[in-house]
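Two complexes are shown next, each including chain A; its partner changes from chain B in the first to chain C in the second.
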Partner chain A sequence: MRALLPLALKSAWNRRYSLGLTLLAVTLSVTLLLGIERLRQDARDGFAQAVSGTDLVVGARGSPLQLLLYSVFRMGEASHNLGWDSARALAAHPAVAWTIPLSLGDSHRGYPVLGTTSAYFEHFRFGDRQPLAFAAGQPFAGLFEVVLGAEVARKLGYRPGERITLSHGMGGEGLAEHGDKPFTVVGILAPTGTPVDRTLHIGLEALEAIHLDWQGGAPIPGLNIPPELVKKFDLTPKSVTAVLVGLKSRAAVFAMQRHVADYRDEPLMAVLPGVALSQLWELLGVAEGVLRAVSALAVAAGLAGLVAVVLASLDQRRRELAILRANGARPRDIFLLLALEGGAVTLAGALLGLTLRTVLVLGLGPWVQAEYGLVLRADWPGSGELYALGGVLLAGLLASLLPGWRAYRLSLADGMTPRL
Partner chain B sequence: MTTAPLLLLEDLEFRWPGQTEACLDIPALRLEAGEQVFLHGASGSGKSTLLNLVAGVLAPTRGRVEVLGQVLGELSAADRDRFRVDHVGLIFQQFNLIPYLSVLDNVLLPCRFSRRRRERAGDARAAAATLLRHLDLAESLWRRPATQLSVGQQQRVAAARALIGRPELLIADEPTSALDAARQEAFLDLLRRECVDSGAALLFVSHHRRLERGFGRALAMAELNRAPAEAA
Partner chain C sequence: MKRSAPLLLALALAMPALAHDDHKHGHKHPHQHAHVHGQAELKVAVDGGRLDLRLESPLEAVLGFEHAPRNDKERAAVASLRKTLAVGEQLFAPTTAAGCKLAETRVISDVLDGKPGAGEDGHGDVVAEYRFACAQPDKLTGLEARLFSNFPKLRRLDVQVVSGKGQTARRLTPRMRLLSW
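== the complex of A and B ==
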């Protein structure tokens, strides 16, 4: 073995271009495999982290998953709203400890605006039941005040005291502005790694106020209520998108769920976040499976290329192997020499792939987070990735046995006089 | 052990697998330590096959091959490999060197695999340097990759490699066939001198009978081998 290693290295260096290319192929396929695994794991973790401590999400009856995606993750389409009376009745229920009403629909430069109450800053929990913390300022108290998520403030460079205007509706460019009623930034939340970071928070009354002179997505022509006058109107919301509910006792969760489902005034539903999430996993499971299969195939292709290159080199190396045999290398050594080469390229590919995936996560992570709200972590590979790496190494080692075995057979047959 | 001949073949028969006729049928052959033997025969007469049998790469279908008192057939394949590198140096017709190793590393190759050769060489690098110098290879060539040498130079490097660590037997299978006549003579002289210096016996194969001069003994395949020679 000690005799073999320097030889294997020098021999490999002699064929560095073809081996380098196969190493690249293996590296890229491993990067793909690990990247997808990381994406998958972090997406799951991200979803699971986004809401915690909330027992039920209540909304108009419809798709539970859609309600959760929209209200917690700001993804997808708005569901029907539920009436403010229902929300109030819910809050008054004896089993309920707290409620957080959520009202979505407006945006600011692509970031969603959430209408809520101060209960949000008090009761909302994320991750491992962590409360929201302020990096600067405090919750909104006045009407036209806004609290920014960490990323909104960082990306747009806002500080407390800044005055901003909101756009009507979600989406990109060309939205109508609520230009006549600017908001003042009064608080900025500490980063959470959840959709909260990408949200602007205002009071429900403020949301009502900016829509006083609006109807059906456009300002009512000729009607303009200046900010000073809005207080004269009734700013109680008529409806909200969803209500997050915390119960006094978790044991009551199913009873409460039934209670909401049987609510007489309007059709409602109460969703357990965990249950809706597992629905999501089921849905995504197929896509995940396909992605994993594709990346596994890429790895298989990379390893097949590796074996092909090593096998092809074997024909040119018959004489080399015969010379080694004549000078004391045993067929076992020849086997090791070839198997070592494939194994080493696989190992190097796996390590380089891991490095590249880490570099990519570090490099692209902020962009992915900004664009998709997905927090990618560049820390040590998790169990899923370790299994993937182990699988690649095992497959690579097994595949490398093939050229090793063939070289072994050749060197037995050729002895020291190779036929060319 | 002092009485054991260097090489002893007895009642040796070898048939290539799948062949009905024997390729070799040799009643007896004996080589003494330090002897220099010239073996000649027509192309296809089985010279290389015989060398492979002596080196233990091929196993006889009948009879036995004994080197330094050791019957090769009694060794396991792995032990035979070790035995060969410990006691036998080999030179082939052409392309003896590993292209990606330097001249020096090529010479040191047997010392990598054989502890005995390593120990007998003493300071292996110094031994290699001495051999290379004796074989007229300028020091400026030693670090070059083997592929940059002329064919004649390559054969001398191969000779140095076969000699390092003083194996008891040197087997050379037409090592001069790629050289011109003048070079052939010079190479042979060097080789024989070095064999004498290190005490190695030399089994030299060629079909150029004019190279026979200077060898203590010449053997003809036609006389040695009872099997009818195939037309080459």
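== the complex of A and C ==
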């Protein structure tokens, strides 16, 4: 058998074009399979990372998922606001350890502007319950001061001390500017791999101040309150988009949820972010299943192509196999030779697919993160990917038994002189 | 908006389900959960050695009817349900090694209390709360929902878990009774 290997390699080299194309098909299908698994896993991890320390997200009663996606992930549509009085009552509840009010709606060059309080920098947690860290500067203290997420600062090239203006509303070009009240960059956050990186943070009072002389989404004609004078006005916010709540004891979370739902002054709801995300993944499970099935079918097609190519080559190789037999190769050597050829192509395809997937993740990762806020990791394959790889190898080996068995039968029947 | 393109798909898929949810919540009872026969909800909070369970079930799933008992047979069924719900250890079995003891039980239901119950929509619910105290909190990793044996009409248990490892939602059925966190 050992003597056969160099011969087998040379024989394979002789058929390098057909085998090479088959290898390409297997490689691409494995890349697809692994890529989808990676996307699925990283999307779940990324979402879970962004809400790690928050017990409840409180907002106006409506769709829990909409509130969560908008307030935490800045995705989808705006939900109703909740009154500032409710937010204050919530913060004063004995079971509540901290609250972070969030107010969204404005933007700066496509990046969302978040109105909040200094509690955000103190209590917000991401990833494995890590606190926010500053790469430069400090939290906002004055009125017209802004703290940038890491990606905002990097993409737009801002440094502390820079003066920027905010736009009214979200999305794209042509928005009305809050040009008369520029903000000074006072801090830049360290990267988190969460939506925080794409956010500009200002105080709730500042958000109120830039809208003082506005009404119904446009500046009131003829009214212009200069920045120096805004402090003469009451800058207490009237409402906020949502409030993140941390509790003193985890055991109180469901009781608190009911307390919020029963709140008398306005219809509110409290969402358990982790539970809402689990429910989202369950809803998306069907779509995930379809994607996985499609990629599994692509692998099956790749392997079918492999078997077809090896089988087709068999007819051309009957003379070659007969010569091997004449030189002392036993029928089971022939069987092994063909089975191993298919197995080797599968193995090479799987490894190349893994490499290609890693190269793609490394190459496209930054773009995916910028466009979709999804952090792709190119690290060692996780259990899901290892299972997928194992499945491909097993299927490839089993499929290669077919040409092996056919070659075995032929070599028995043909003996030394195949009739072609 | 281009950022949210994949998520819009998610939203589109999720919205009908959520809209439906809103509808079920209704306006009469602010926090009344969905009332779907055969399905109950379980809320699990794990905080160190303390394990809090709250079971919210339509009476249909555990009793078979949702009105105040009208005859001796129904009265007997109510008495039997009271007894069953009082023994929380037989309904829920936390990890044995954790050494959990039932410390507190509370059962709330208008119908079981002899009140007419069954709101304007003709449905009635029961809420049972159990608090376990566990001697070995580190070993507490899950529980077995044995109540499926007690209540054959219960087909599905929607579970929300809050533990040191985070929050998650799970679904248990008579064939899959083990919950781990």
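Quick notes on this one:
Just so we're on the same page, the second predicted complex is superposed on the first by the 419 of 420 C-alpha atoms of A that agree within 3 Å, B and C clash if a C-alpha of one lies under 4 Å from a C-alpha of the other, contacts with A are read in each partner's own complex, and residues count from 1 in each chain.
Just so it is clear, a contact is a pair of C-beta atoms (placed from the backbone, for glycine too) under 8 Å apart; a residue touches a chain by one contact, two chains touch by 3 or more.
Remember, it's a predicted structure, so these values are computed and weren't measured experimentally.
Aligning the shared chain A places chain B and chain C next to each other free of steric conflict. In the superposed pair of complexes, A:Gly328 makes contact with chain B only, with no contact to chain C.
Touching more residues of chain A than its counterpart among chain B and chain C is C. Using the contact criterion defined above for the overlaid structures, shared-chain residue A:Arg319 touches chain B, although it does not reach chain C.
Look at A:Gly161: by the touch rule set out above, it reaches neither chain B nor chain C. With chain A used for the fit, chain A forms the apex of an angle whose arms reach the C-alpha centres of chain B and chain C; rounded to a multiple of 10, it measures 110°. When the two structures are aligned on the shared chain, A:Pro94 is found in touch with neither chain B nor chain C.
In the superposition on chain A, A:Asn14 makes contact with chain B only, not with chain C. Legend: residue contacts after superposition of the two complexes on their common chain; A:Ala3 is shown touching chain B, with no touch to chain C.
Smallest inter-chain Cα distance, chain B versus chain C, after superposition on the shared chain: 52 Å.
Looking at chain A, you'll find no residue that touches chain B in one structure and chain C in the other.
Residues 3, 7, 10-11, 13-14, 319-320, 323-333, 415-417 of chain A are the ones touching chain B in the complex.
Taken together, the chain A residues at the contact with chain C in this complex read 48, 52, 55, 62-66, 69, 73, 75-77, 171-172, 249-254, 258, 261-262, 267, 272-275, 278-280, 282-284, 287, 371-373. Residues 1-11, 13-15, 17-19, 21-22, 30-31, 43, 45-47, 50, 52, 54, 160, 162-164, 166-171 of chain C are the ones that touch chain A when the two sit in their complex. Taken together, the chain B residues at the contact with chain A in this complex read 48, 52, 55, 57-58, 77-78, 81-82, 84-85, 90, 92, 95-101, 105, 109-110, 112-114, 117, 161, 173.
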